[in-house]
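I have a structure here, written as structure tokens, and I will follow up with some questions on it.
A, B, C and D are the chain letters, set down in written order, and residue numbers restart from 1 in every chain.
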Amino acid sequence: MSGRPGRGAGPVTASELLSVVAARELAGRRTVFAGIGLPTLAVELAALTVAPGIEVVYESGVCGAHPSRLPETIADAVLITGAEAVVSMPALFGSVLQGGHIDVGFLGAAQIDRWGSLNTSVIGEWERPAVRLPGSGGAVEVMANAREVFVVMRRHTPRSFAAALDFCTTPGPDRALADGIRPLGVGVTRVVTELGVLARDGIGDELRLVAVHPGVTVAQVLAATGWELRTAGRVATTEPPTPAELRLLREDVDPDRVYLR
Amino acid sequence: MSGRPGRGAGPVTASELLSVVAARELAGRRTVFAGIGLPTLAVELAALTVAPGIEVVYESGVCGAHPSRLPETIADAVLITGAEAVVSMPALFGSVLQGGHIDVGFLGAAQIDRWGSLNTSVIGEWERPAVRLPGSGGAVEVMANAREVFVVMRRHTPRSFAAALDFCTTPGPDRALADGIRPLGVGVTRVVTELGVLARDGIGDELRLVAVHPGVTVAQVLAATGWELRTAGRVATTEPPTPAELRLLREDVDPDRVYLR
Amino acid sequence: MERTTDAGGAAGDKVVSLREAVARHVRDGDTVSLEGFTHLIPTAAGHEIIRQGRRGLTVVRMTADIVVDQMLAAGCVARLVSSFVGNSSAGSLGELRRRIERADPEPLEFEEYSHYGMVCRYVAGAQRLPFHPLRSYGGSDLPSVNPGIRKVTSPYPGPDGRPEQIYVVPPVNPDVTIVHAQRADRRGNTQIWGLTGVQAEAVYAADRAVVVVEELVADEVVRADPNRTLIPAHAVDAVVVCPRGAHPSFAQGYYDRDNAFYRSWSAISADPARLRAWLEEWVYGTADHAEYVAKRGEEFWARLAVGEALSGSVDYGRRL
Amino acid sequence: MERTTDAGGAAGDKVVSLREAVARHVRDGDTVSLEGFTHLIPTAAGHEIIRQGRRGLTVVRMTADIVVDQMLAAGCVARLVSSFVGNSSAGSLGELRRRIERADPEPLEFEEYSHYGMVCRYVAGAQRLPFHPLRSYGGSDLPSVNPGIRKVTSPYPGPDGRPEQIYVVPPVNPDVTIVHAQRADRRGNTQIWGLTGVQAEAVYAADRAVVVVEELVADEVVRADPNRTLIPAHAVDAVVVCPRGAHPSFAQGYYDRDNAFYRSWSAISADPARLRAWLEEWVYGTADHAEYVAKRGEEFWARLAVGEALSGSVDYGRRL
């Protein structure tokens, strides 16, 4: 596994940094609802470090997967063979997710606002959009029912960190409450981007900058955000991946660099 | 199977008569929701005569059973081994029954009224009953969702064929409509008793006497019914079981006389 | 990237004795769901609740049958939520009838539903819904004695274009659900075949869940057939190994139903003294279910033995 | 009393060709559900609908992906009901985006839900419910563009003692549902393993149901494992045998997902001429799916072959 030269060396890539940062945030969590890609890396690394025994639940119905290879989609056959359970979609969305069994849901988005609401539907007007995006999938349900939500967004721009969403596909709990609906969880608590980490404690809070990655300034992040981003009392600098974390990521989690591109 | 002497001969018992009469009524039906006992015999005989390919669905979740022995309960292990499908109770009651896939439901009761509503809960007051009966089970759902319902009640007395139910566990569609709820089927269409057959065409109709068994008079049935039972224009006399029907029932359906007691 | 099988190590191991599971998870005054529709009835768990002398329980069980009658007779139960209170098709439940008909020796609060009403309550409980609609109860007297059964007007027009009403039931969220199953792994991934009833929903509806199994199997056995896992580990708090724990009901592929015992129960339970003696001999008089099984004797179990009828194997495939 | 296996004789045999099934069960203007969540996507059925030139369809599919883009491009679809319109994680659907973003070559009516909203619509459809509640949509803009998403007030007080509101979705009852599965018997008892998605509910929700399978198996194979039958025969109108009919998606244990094809689709569909050429070559240019399979060639399928990973067998038992 560690036979190929240079695997453990080399500079830290953005994917590696984001995976490591997200993995650390999973300390103590037991169940994660995740898609494929960076969340996969983060969860697998967390399982080997801060969250032993953590279980990934996939939108496709797989619980407790033990894949022989790194999966390429949430429905990859390698996730099913050898899994602990595969359940129907009514059971997955109804009993597992809405039933409140998910500690952390991972989501991505085209746009996020300061309250952690997400847009994955359209850029422009819904009726005749400039860009038609895929839509919710299960994101509306993950936000409404997971105890908390982590968002991973590589690109950090004023367009994606928007003052106003073009369309709110997936509302945070503050919007839900304003609509008279009580969500189970607190919505987005962590947003990991190429520039740093935003955090939000719970209902009524907005996202604040809590950390910048090495070499990134607070001013850069504020300029890259479409709203007037507030900062935590003291903005930390992200602790770079440790050699141990990098070795696990590169040698055990994704030796073929499927996602560590 | 036909080796034991006398199996095909002997007088027709009440169980045999009721089974044969109920079996004939199943002509052309495809799916039956049935309990164990006389309904089992009726359906199995119908399968061999007037309703080839008829499928029994059991409340326990078994669809298309092919038991190696006559089952003793609706959950008998012999119903499961070799069945075409076994489904969960949410699927059974939700998709199969409420979904409208049952042509005929078989029910029994402690009391029935002229509209085909049933009592299986109590004799006396519900709060402090003289006799606590088992209750609905799935009867409320069978009545509300099967296209029609056959009732088999051995005993035909003014107490069981009641002018007023002590408690209406399982309402016929007329009562449901009065309550503002539209049922799928027409409720009870046939009641087979030790004395004869009562029938009812649909919503708005009450049960009428359509046939008396050989040796029973119309007056006997009227006297045994707690309400003023109306008769069909001409009350027929039940055609006695044919030798072929009796032979099938005694030699193929229930050779060990589990139910033909 | 294969993760170590039990990264959680001992933390992921939920196997405890039945005594410990009941001591830890069933408390006086709890709402306890015992499910298993004729198949896989958690009788041994009911007996252990009796041995430990729990009081004031609300028992939730679709088909309240022998084990419920026994728990009633032992004084564990203050309230019963059910849709069928009878000894299967074999007769009556003597204690239950005395409690309801004559408040003898004390009253029993009884909440009556239909089977699908109960199923919908479990589904709503499992899915954290405030109510579940169903096309039953129209015209029934049940809503008049059960204020839990209510009506909602659909926000969509009915087939005739006018507003449509439908009955709904409230969720049930037991403090603890106990179910019996054929097998599980140490983390609680539970596999059931044959009649699967409403066990998965009852487990998901509960705050705590105990799974009692005929046998504990290696992780590899469970993971060879993940579709057979009806209850994933994340929903389970305790795994108890208790062979023959569903007697007198059956465990598909393990042992058959004890129909003779069902038939005998009407007479036993009709006589309070005889029922008391039965409990003394078979429940209080046995330290645990293993003793109950031993006391029954090998010949007894041989009569309930079943032959083999294998499911055959399907291929889940592996990447080449 | 064992009943003859197929008492229904020929009447119980529902096996027809895909051509016949589509001709008989899919009509212009129908609401057609094609389900299969990434796994077992009924692509061959979509292609046959294209070949037969159906028009004005409402397509209902949770994950509208390549097969929907193809049906759009072929002019079959007037309206789409979906919760995810993308080419998996591999890219875009060119035709769908042109239709929605620019009404090019014609507008597409689009009804947008979330995944669980769609699941609840199928469940409500299957269970003949007027609506299904779910704890989603609070604060979302989706209800503002989708009048199907409405609110109901629960008749039970909320956790704070005050009235509680919840969103609901209406049932969907397709004229026909088409699903792909691993195997079925001639009567339509259908067995699926691996991801089982929402196929059973989609079938029960429909007026007519067509099951397309990798292989037809003997009654005995199905009946050896009745819990594996997710779709009982009584819900099925036609059984079609069509090996590799789910390509480019996968059939657990039969063949793997064609990820290369998924990745290629963004470029193919981005160019209307190239998309048209693709349809000409692979759909219009093949008489049926067998020709499509043959045209792909053996080497192609060899690359998607999977190794064996058997489930193991469970014992259903038999009475001695």
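Methods note: a residue touches a chain if its C-beta (ideal position, glycine included) is under 8 Å from a C-beta of that chain, and two chains touch if they have at least 3 such contacts.
Owing to the predicted nature of the structure, the values given are computational and were not obtained by experimental measurement.
Enquirer: Which chains lie in contact with each of chain A and chain D?
Expert: C
Enquirer: Going by C-alpha centroids, which chain is farthest from chain D? Tell me that one.
Expert: B
Enquirer: Have a look at A-C versus B-C and report the one with more C-beta pairs in contact.
Expert: By the number of C-beta pairs in contact, the winner is B-C.
Enquirer: Roughly how many whole angstrom separate the Cα centroids of chain C and chain D?
Expert: 35
Enquirer: Taking each chain's centre as the mean of its CA atoms, how far is chain B from chain C in angstrom?
Expert: Using C-alpha averages as centres, the distance is 29 Å.
Enquirer: Where the CA atoms of chain B average out and where those of chain D average out, how many Å apart are those spots?
Expert: Between these chains, centre-to-centre, one finds 38 Å.
Enquirer: In chain B, what residues contact two or more other chains?
Expert: 62, 77, 80-82, 86-87, 94, 98, 145, 184
Enquirer: Of all residues in chain C, which are in touch with two or more distinct other chains?
Expert: Counting only residues that touch two or more other chains, chain C contributes 123, 128-129, 134-135, 151, 158, 164, 166, 193-194, 196, 200-201, 224, 227, 252, 256, 306, 309, 316-319.
Enquirer: Examine which chains touch each other and state the graph shape they make (line, ring, star, complete, other).
Expert: It is other, because the touches fit no line, ring, star or complete pattern.
Enquirer: Per the touch rule above, enumerate the chain pairs that touch, sorted by label.
Expert: A-C, A-D, B-C, B-D, C-D
Enquirer: Which residues, counting only chain C, touch chain D once they are in their complex?
Expert: These residues of chain C touch chain D: 128-135, 150-152, 154-156, 158, 164, 166, 168, 170, 182, 191, 193-194, 196, 221, 224-225, 227-228, 252-254, 256, 305-320.
Enquirer: Show me the residue ranges of chain D that touch chain A in the complex, using the header's touch definition.
Expert: Residues in contact with chain A: 37-39, 62-63, 82-86, 88-89, 96-97, 100-101, 103, 112-117, 119, 123, 134-142, 145, 151, 158-159, 164-167, 194-198, 200-201, 250, 252, 256-257, 259, 306, 309.
Enquirer: Considering only the defined contacts, which chain B positions touch chain D in the complex?
Expert: 30-31, 44, 47-48, 52-55, 57, 62-64, 66-70, 77-78, 80-87, 91, 94-96, 98-101, 145, 184, 252-255
Enquirer: Going by the contact rule at the top, pick out the chain D residues touching chain B in the complex.
Expert: Listed in rising order, the residues of chain D that touch chain B are 1-3, 5-9, 11-12, 123, 126-129, 185, 187, 189, 200-201, 204, 219, 222-224, 226-227, 229, 231-235, 316-319.
Enquirer: Which chain A residues qualify as touching chain D in the complex?
Expert: Within the complex, chain A contacts chain D at residues 35-37, 59-62, 72-77, 80-82, 86-90, 93-94, 97-98, 117, 121, 126-141, 144-145, 167-184.
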